[in-house]
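Can you read through this structure? Questions will come right after.
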Amino acid sequence: MLTSEAIALLEKFRTGQVSLEDALKSFQAAPVVDLGFAAVDTHRALRKGFPEVVYGAGKTPEQVVAIAEKIVGADSRVLVTRVTADHARAFRERFPESIHHEAARALTLERTPLQKRPGTIAVVAAGTSDLPVAEEAALTADFMGNEVKRIYDVGVAGLHRLLARLPDIQSANVVIVVAGMEAALPSVLGGLIGKPLIGVPTSVGYGTHFGGLTALLGMLNSCASGLTVVNIDNGFGAAYAASQINALRV
Amino acid sequence: MLTSEAIALLEKFRTGQVSLEDALKSFQAAPVVDLGFAAVDTHRALRKGFPEVVYGAGKTPEQVVAIAEKIVGADSRVLVTRVTADHARAFRERFPESIHHEAARALTLERTPLQKRPGTIAVVAAGTSDLPVAEEAALTADFMGNEVKRIYDVGVAGLHRLLARLPDIQSANVVIVVAGMEAALPSVLGGLIGKPLIGVPTSVGYGTHFGGLTALLGMLNSCASGLTVVNIDNGFGAAYAASQINALRV
Amino acid sequence: MLTSEAIALLEKFRTGQVSLEDALKSFQAAPVVDLGFAAVDTHRALRKGFPEVVYGAGKTPEQVVAIAEKIVGADSRVLVTRVTADHARAFRERFPESIHHEAARALTLERTPLQKRPGTIAVVAAGTSDLPVAEEAALTADFMGNEVKRIYDVGVAGLHRLLARLPDIQSANVVIVVAGMEAALPSVLGGLIGKPLIGVPTSVGYGTHFGGLTALLGMLNSCASGLTVVNIDNGFGAAYAASQINALRV
Amino acid sequence: MLTSEAIALLEKFRTGQVSLEDALKSFQAAPVVDLGFAAVDTHRALRKGFPEVVYGAGKTPEQVVAIAEKIVGADSRVLVTRVTADHARAFRERFPESIHHEAARALTLERTPLQKRPGTIAVVAAGTSDLPVAEEAALTADFMGNEVKRIYDVGVAGLHRLLARLPDIQSANVVIVVAGMEAALPSVLGGLIGKPLIGVPTSVGYGTHFGGLTALLGMLNSCASGLTVVNIDNGFGAAYAASQINALRV
Amino acid sequence: MLTSEAIALLEKFRTGQVSLEDALKSFQAAPVVDLGFAAVDTHRALRKGFPEVVYGAGKTPEQVVAIAEKIVGADSRVLVTRVTADHARAFRERFPESIHHEAARALTLERTPLQKRPGTIAVVAAGTSDLPVAEEAALTADFMGNEVKRIYDVGVAGLHRLLARLPDIQSANVVIVVAGMEAALPSVLGGLIGKPLIGVPTSVGYGTHFGGLTALLGMLNSCASGLTVVNIDNGFGAAYAASQINALRV
Amino acid sequence: MLTSEAIALLEKFRTGQVSLEDALKSFQAAPVVDLGFAAVDTHRALRKGFPEVVYGAGKTPEQVVAIAEKIVGADSRVLVTRVTADHARAFRERFPESIHHEAARALTLERTPLQKRPGTIAVVAAGTSDLPVAEEAALTADFMGNEVKRIYDVGVAGLHRLLARLPDIQSANVVIVVAGMEAALPSVLGGLIGKPLIGVPTSVGYGTHFGGLTALLGMLNSCASGLTVVNIDNGFGAAYAASQINALRV
Amino acid sequence: MLTSEAIALLEKFRTGQVSLEDALKSFQAAPVVDLGFAAVDTHRALRKGFPEVVYGAGKTPEQVVAIAEKIVGADSRVLVTRVTADHARAFRERFPESIHHEAARALTLERTPLQKRPGTIAVVAAGTSDLPVAEEAALTADFMGNEVKRIYDVGVAGLHRLLARLPDIQSANVVIVVAGMEAALPSVLGGLIGKPLIGVPTSVGYGTHFGGLTALLGMLNSCASGLTVVNIDNGFGAAYAASQINALRV
Amino acid sequence: MLTSEAIALLEKFRTGQVSLEDALKSFQAAPVVDLGFAAVDTHRALRKGFPEVVYGAGKTPEQVVAIAEKIVGADSRVLVTRVTADHARAFRERFPESIHHEAARALTLERTPLQKRPGTIAVVAAGTSDLPVAEEAALTADFMGNEVKRIYDVGVAGLHRLLARLPDIQSANVVIVVAGMEAALPSVLGGLIGKPLIGVPTSVGYGTHFGGLTALLGMLNSCASGLTVVNIDNGFGAAYAASQINALRV
C-alpha cells in the first residue's frame, strides 16, 4: 500500500467514512517497512497528526540516518531529539539542508514548513540550567506549527523579574513552565494566569533533588489548579501536548 | 471594596485597561474577610475564572458551612469536594437547595447554573474502583460549564470493550483518563486519538501499587505523546485543567 | 545537690570559672531523679537555657503529669507538646492554673512568665491545614520569651495576599515559614526578605505528598539562600531555633 | 567421581532409585573442581536439566575462558551471557567454533546441538531499545532446545501493528513479553491470549523510569491474570522459565 | 447475542475459523450487561478460558451478590476472593449452595465442578502467617480444575523439614512458593527441583519488610533460575498462571 | 521418636559422633507434631540451643496457647513475644504459673529456670519510648540464662548522664544499644568501649523517621567499628545474638 | 538605571520611604542585562544584602567569566562556587587578582574586602572527607564579612577530641556542623552548646549512605533542639544563613 | 605525651585505676598530630584495642602514605583498605616490607605480627563476585590476630556444596556470611549452626538489587535468629566485630 493510499484511507476513517474493522483490515494487509532494528511506521503522521519523531538517545548515528531516510519522502519533515555532536555530523552530511539546534540538542529537516496556526505557546524557564529542556520544548512547538514565545530566567527568587514579564505570559494560549530544584515557579504562575499550564520538571539541582524527582513531586502537589505535568526533562512531550491544546482553538 | 467593584477592576486588569501596580494597590487596600481559620478570598473567582472551591477533607462540617456562607452571595455557586456524610448533612441543612453527589463525594450549590460551552470532555475510567475519582472529575467539569461524556469500565484487559467506545472518545475535545493499578489505558488511548489527554492515576490496587505511585509512574513514562498528568486521585485538578483547555475552543 | 547549687555550678562552667572536668565530676555525683520510665533531668534548663519540655505523644496522661511534677518547682515552667484531650484533662486537674492551647495541641504552665526580649519572630503559614503546626511554633516561641507575629493563609497561589503582608514579615528578626503540599512559599519569601528563614514542612496534602516529604524536599532544594529547615511538622524545633537566633540580638 | 558416574547416580535419585541420604553422601565424597575464584559444578546440568551458564559481567576474559574449559567436555555446551567485545575475542580465540551473538551480548559453544522440542516460545518486544534483552531471551530459549518466534516493535501506541501479529503470538506455548518505560504491552496481551506470559521489564526510558523499576511495578500490578515477572533486564531468566514450561508439554 | 452464541463464535475465532475483524464486529454489536458500577463481561470466560472472578475487597456485599448473579447461569461457576464475613453472609444467603473458605478468604459456587486435569500443582509455604495467601492460591488452582498438594511450614530455617518433603514437591508439574520476610525459600527450592516455580511474596514481617517489598525484591534477585514472580500477596494470580502452565501438559 | 532420644541423637551429631546423613535420616523418620496451622518443631531447642519461641503478633490467643502446650513438656520453657492483653489473659488462665511482662510485651513460662552463665549483657536505651524494645531484649537475654544490666534514658543530648554510666557499660561482655530517631548513641558508645555492640533501631520518632528506617540507616553507617545491627524493633533478635556471643566466653 | 540609582531606590524601599508599587514600577522599567543564557541581576546584592554568587557547576568557563564581568563593577565582589581547574584557569587569566581556593572548590574576587562584623561563626567537621564542604562554608562565611573558626576532624567516635575543642565551639555565635555517614555529631553538639546550630549533611560514606540521605535524615531526626538543616553538601547555603544570623547581633 | 605513656595511662583507665576525669584531662593536654587534612589519633589503638586503620578510598596516594607514616612507630602495624593500584605503588615504595593483597583491595604493614588467639572465624561467601568483600573480611580478621577459615562459593542454589562444608563452618567461633543478590545464605546457615553470625550484604546483582539494598533487607528480615548485620560491602566492619567477639573467648 502506498503512503498516499494510506493517507486517503485513514482520513476516511477519521471522518467516519470507513469503519474501524475495514481500516484494521487494510492496515494488516499493508507491509510495514522493516529495518531490522525498528519498524518504521509511515502511517503514524496521519493517525496522530504529526510526523515521525526520532528519539536519538541510545541510537547510533547510522541508525538515526537510516530511520530518517525511510520517513522523509517528497514532502515530509523529521525532528530528531536528544542528539549528540556525532548524530549531528552524520545527519547533516546526509541531509545538508537540515539544521542542528545545539541549545535544544535536536535536528530538524523541514522541506515544507508548516503554516503557523493562530495563538502562541509561551515557554517559561526558571534557571540557566533549565534551558536545554526549555529549548527542546520551544523547538518542538515551533516545528509543530505554533508561534512560540520564550521567557527565560524568571525564577521566583527574583519575583520582580517574573512580574515584569507577566503580561507576555498572560497573552499566550498555553504556558509550558520548565523548572528544576524545588519547582516553585508553576505554583506562583498558577495563581496569576487563567490558561492551561504544563509543567516540565528538570533534573537540575544537587543534594536531594534526586534527578528531578523533587521538582516533579513539587509540581504534582502544587496548590495551583489548572497545572498538569509531564515526565522529568520531557520538553518534547510538553510541547506535543501544548500543540494539541493550541490546535483546539480554531 | 464590594465584590462587584472588584470584578470590574480585575476585568480591566485582565484586558489591560488597568496596570499591575494599580491592581495590586487596590487589592492591598481591600479587606480580606477573616474567619480565623481561613481567609476567604472572594476575588479568586475573577482572577482564575472559577468560583471558590472548598476542599472538604480535614475540615469540620461547621468550617465547611462557614466558608461556603462567605462565598455564596446573591448569584454565587459553590463546589465542595471530598465530603463525608457529616459534611453533607450539615451543608444540606444550611443550604437545602444544594445537592450531595455521593459517587463523586461532593456537594454543589448552583443558584445560577452556567451555560454549557460547546465541545465535550470525555471521562474514561478503567475499573469499578476508579469511579469515585472519575465522578469527581466528571462533576467538576460539568459544574464548570462543560458537556461531559462518561465512559467507564473500559480497561485494556478487555480491549474489544474499549474499541467499541472509541468513536465516542474520539469525538471529545479533551479526554480525562482515570486509571489505577498499572495504568496501561492512557498508553493505549494515546495511540488511537489525537486530542489532549489528561491522566489521573488512582490509589487503587494492592501489593506494590504503593498508593497509586505505580500508576503515576506508568503514566509519566507512557510512550503516548500528548499525555499530561495530575496528582494521584486528583479528579478535581484534571477537570479544572480540562475545562481551561476546552474553554480555548471558542 | 540542690537545683540552685547546680545552677551556680553550671553558670561558672559556662563562664569558664569551673573546668569541664570538675563540672563532670559534680554531675556524676549528683543523683538524677529516677521515675522508672524517664530520668528527669532538672539540670537541662541550665545547660540549654530552656526549661524541660515534655513531648506528650506516646505517653499516658499519668506519665505526663508525673514528669511535669518533677520539673515544676517553686518558680519553674513547663511546656507539654502534642497533647490529646485526655492529657489536657489530667494535666489541668493536677495543675488548675495551666492552659490548654487546643489549636497548638499543647499545655503550658507558667508561674513566672518570662520577660519578652526585644525583636519579633514571624510565623507565616500557607494554608488552613498548616495551622496546628504553625500554632505549635508560635506558642513555643512565645513561651520562650519572644514577641510573636502570626501571618496565616498567605500561600503563593494568592500572591497579592502575600505581598500585602510583606512589610509585617520584613520587620521581624527571624521568620518561621510553615507550608505543606509543594511548599513554594519559602522560595518566594526567600527572594523578598533579608532575615534568617526557618522552614517547617507539614504533612498536609494528598496523592504524592508522602506525609510531607515532598514539602521537605522542596524546601531543601529551594533556590532561596538563607533558608534552613527542620523536620516535618516540627513546629517546636523551628521555634526553639528561632528563639536562639532572636536571643543573639542583644 | 567421573561426570558420567554422577549422571547415572543423580538420574537414579531423580527417579527414586537412590535415596536423598545416599545421593548427598556421594556428592560430599566427589571432589568439586576448584579454580580458586569459582567452584565449577559439573553436576549442575543434571540437577537442573541444563548445562552451566556463565554470567560474563564482572569477570575477566581469562576467568570466563577458564570456567568454560572446565565445563566443556567431549559433548558439552556452554552459554556465556553479558559479554563484552573483550570476552568475545578471548573466547573465540580459545574456542574457534563458538559464536558471538552481538545483539544478544552472548557467546555460545554447541558441539552437540540439542534437538528442538515441539511447541514454540514467542518473544515479543515493545521498542527498539528493548532488543538486547529480547535477543538474550530468544537466544537462551533457542539454546535450551526450543523453537523461538521473534515479534519485535509492537508497542501499544501502535495498536494495529500488535493486532496484526496477534495470531502468531496466540499460536505459541509460552509468551515472553519484553517492555520498558510504562510496560503496558503485557496488560494488553494478557487480555488477548490464553497462554502463560512471562514479563521482562527493561531499564529503558528516561525521567522517572528509575532504571526499569516503573516497568517492573507496572507488570506486577497488571490487571492481566496469567502474567508472572522476572527481574529487570533478565532475559536469560525469562527464557529459562519459559523453557521449563514448554518442556512440560510432552 | 446469547452466551451460547458467543461461545460458538469465539471458539471459532480461537481455532481460526473466524477472523479477528469479524469477531470484533460481533462483539461491538453484542450488548454488555451494564450494572451501573461494573460492566459484567459474560464473554470473558471464553476469551480467557476461565469464569469471571470477583475481587471482593472494596465492594459492598450487595455489589458482590449483584455481579455474581449476572455471571451465574445454568451451568456457571463463580469465585469471589478477598471476602469479609459480611460478604460471606450476604452471598451464602443468596446462594445457599456456595461455600465460604475462611482460611482462603474466598467464596466458591460450583454447580458443575470442573473435571481435574492430570498433573498436580504444589503450593509450598514458609510460615504460619503465609497461610491465607497460600490457601487463596490452593483454592484458586483447585477451582480451575487442578489437583493441588499443600506443603506448609517448611521454611529454610528448618532445613530438614524441607528436605523431608522434597520428593512431594519434586513430583508436581508446577510449584507455587509462598514466602514472606526475606523469602529465602524459593532460592533453596530453585536449586533442588527442575520444574517451573512461581514465587508469591507475602506482606508478612516487621521492621524493614516494607509490606512485602523485601520478600518481592528477594525473589526477583534470586540466584535460582526458573523462578518467576507475581505481586505481593497475589495468591490468585500465581494460581491462575500455574493453571495455565499445568494445562499445557496434555 | 521421643524428645529425649532426639536430644541424645543431636548431641552426638553436634559432637561429631553421628554423621549428617544419619541425623537427617532420623529427622525425616521422626513425626513432626502437626497442629494444622503450624508444625511445632520440638527438636529446635536442640539444634539451635534454645527452646521454641512463639511470636505472638498475628496469632489468636487460642493459637498461642495451643502451640505452647505442644512445646511445654515436663521440664520445658516457653517465651511468647509481642503479646496483647488478650494473649496474656488466655495464657495465664491455661498456665497460671506463667508471668506477663507488660513493659516487654511478653509472657514467660519457666518450670526449670536456666542457671545464669558468667558475664553480663548490658541493654542501653536512649529514650523513654525505646523502653518496650529494650525490655524485650532484656527479658529475652535473661530468659536465655544471662545476667542483664539495664541502663536506660542515656541519650547523647545529655552526654553527662551517659558518661556517668560508662563504667557500668564497659564492664559488660556484650552491649545491646536500643535507639530511635537519629540513633546517635551507638556511634558515641562505639568510640568509648571495646566490646561487641549490637544496635537495635526503634520505630520511634516523627516526620522523616520513616518507621525507624532513619535510625537503622544511621546505625549501618555509623563510624564506630564493632557495631552490628538487627532489624527495627527486633529486641528479641538482638538478645538472641548477644546470648550466643556471651555463651562463647566459657 | 545605574546601579547606584538602584541602590538608593531599594534602600528607600527597605526603610519604607518608597512603596512596593513604586519600587516594582522602577524595576520593570530598568533593563536587565541579557547575556542570552542568564539574566544577570545587578540589583540582587541590594535586595538580599549580598553580591551575586555564581554557581559554577554545569557552566562553561566562558559562561562563568562572562557572568562575572557583568557583576563586577568598580567596587564589586564575586564568589564562584563549585569550580573545576578549567574554571579557575579561565577566571584567573581574566581576573589576575582573583584567588582560587582549591580546598573549597571556589574562586573569589574582592576588590573592596568587607569589614568583619563582630562575633564568630564556627565551622565544625567530623571527618577528612567532609572538608571540601566545610571549606566552602568557611570561605563563604568569611567572604560575607564574618570571623570564622575552623574546627575539623572531631567526630563522635573520638569523643575526647571533641570535648577538647568544646570551649572554642561554645564561644561562637553560630555553629555550622558538617558531617556525613550517620551524622551523629550535631546531636552530641546540640546537647552541649546553647547557640544556633546549622547542620550540613555530606555525601560521604558507602553502602547505605545513599549519597548523603542517611546523614540528612539523621540530622532532621536529631534529638537536639536548636538544630536546623540545609541540603546535602550545601556548605554555601549554611554559611549564607549563618551570616544572616550573625548579622543580627549588632 | 609519648605513645608508651598514653598506653600506660589508658590501660589504667580501662582497669579502673585512673578515673574518667583524669584520663580526659590527660588527653586534652596531649597534642594531636595535625596533618592539616586529618588529625591522626595515635591513642586510638589503645582505646579501641586495635591499630589505626586507613580507609583508602577518596584519599590521594600521598595522603595515605603521610597518614601511615604518623601511625607507624617502632612496633606499629597498619592496615589500609579500599586501595587502588596507585595507592599500592606509592605505599610499597615507601614501605617496601608492606604487602599488597589484591583480592582484598588492601595493604598491610606488620613489623610485629600479632600472636593468633585461640578459636577461628569462618568467612563464608556465596558467589564469585562476593570475593573482594569476603577477602577484605578475611584479611582484616587475620590482621587482628584471628585464625581464619575461608569457605567460598557455597550459595544455596547448590545446597549439597553447602552441606558438604557444614562441619567446617560449625567448628568456628564466629561466622561471617558474605552474600549479594537475594542473600538467602544467612537464613539457611542460621538454621544449621549455633554460633554468632554476622551478615555482610554485597552490592552484587542486577535489576532490582539496588546496589545491595535487597541483600541488606533480606538479611535484616531473615527468619534466622542470631544473625546481625553490617553495612553493604563492609567486610572490614564485620571482621572487626567478629574479632571482638572471638576475643571474648579467653
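As written, the chains take the letters A, B, C, D, E, F, G and H, and residue 1 is the first residue of each chain.
Simple rule for what comes next: a contact is a pair of C-beta atoms (placed from the backbone, for glycine too) under 8 Å apart; a residue touches a chain by one contact, two chains touch by 3 or more.
Computed from a predicted model, the values in this text were never measured in an experiment.
Asks: Per the definition at the top, count C-beta pairs in contact and tell me whether F-H or A-G has more.
Replies: Contact tally favours F-H.
Asks: Chain D and chain H share one sequence, so how far apart are they rotationally when you fit their Cα atoms? Give it in degrees, rounded to a multiple of 5.
Replies: My answer is 90 degrees for the C-alpha fit.
Asks: When the contact pairs of F-G are compared by residue number, which of D-H, G-H or B-D has over half in common?
Replies: It is B-D that repeats the F-G interface.
Asks: Chain D to chain G: how many Å between their CA centres?
Replies: Here chain D and chain G have centroids separated by 54 Å.
Asks: Report the inter-chain centroid distance for chain C and chain D in whole angstrom, where each centroid is the mean of the CA atoms.
Replies: For chain C versus chain D, the centre distance works out to 60 Å.
Asks: Between chain C and chain G, tell me the centre distance in angstrom, where each centre is the average of that chain's C-alpha atoms.
Replies: Each chain's C-alpha centroid was found; their separation is 26 Å.
Asks: Find the geometric centre of each of chain B and chain E from their Cα atoms only, then give the gap between the two centres in Å, rounded to an integer.
Replies: 38
Asks: Provide the list of chain A residues touching at least two other chains, using ranges where the numbers run on.
Replies: Expected reply: 20, 24, 158, 163, 191-192, 207-208, 213, 216, 220-221, 231-232.
Asks: Give the list of chain C residues in touch with chain F in this complex.
Replies: Residues 23-24, 27-28, 32, 37-39, 41, 44, 57-59, 203, 212-213, 216, 231-234.
Asks: In the complex of these two chains, what residues of chain F are touching chain H?
Replies: Interface residues on chain F, with respect to chain H: 14, 16, 20, 47-50, 53, 119, 163, 166-167, 170, 173-174, 191-192, 194-198, 216, 220-221, 225-232, 236-238, 240-241, 244-246, 248-250.
Asks: In the complex, go through chain H and note every residue touching chain D.
Replies: Counting only chain H, the residues touching chain D are 128-129, 131, 152-154, 158, 160-161, 163-164, 204, 206-208.
Asks: Chain G touches which residues of chain F in the complex?
Replies: Chain F residues touching chain G: 126-127, 155-159, 181-184, 187-188, 190-192, 205, 207-210, 213-215, 217-224.
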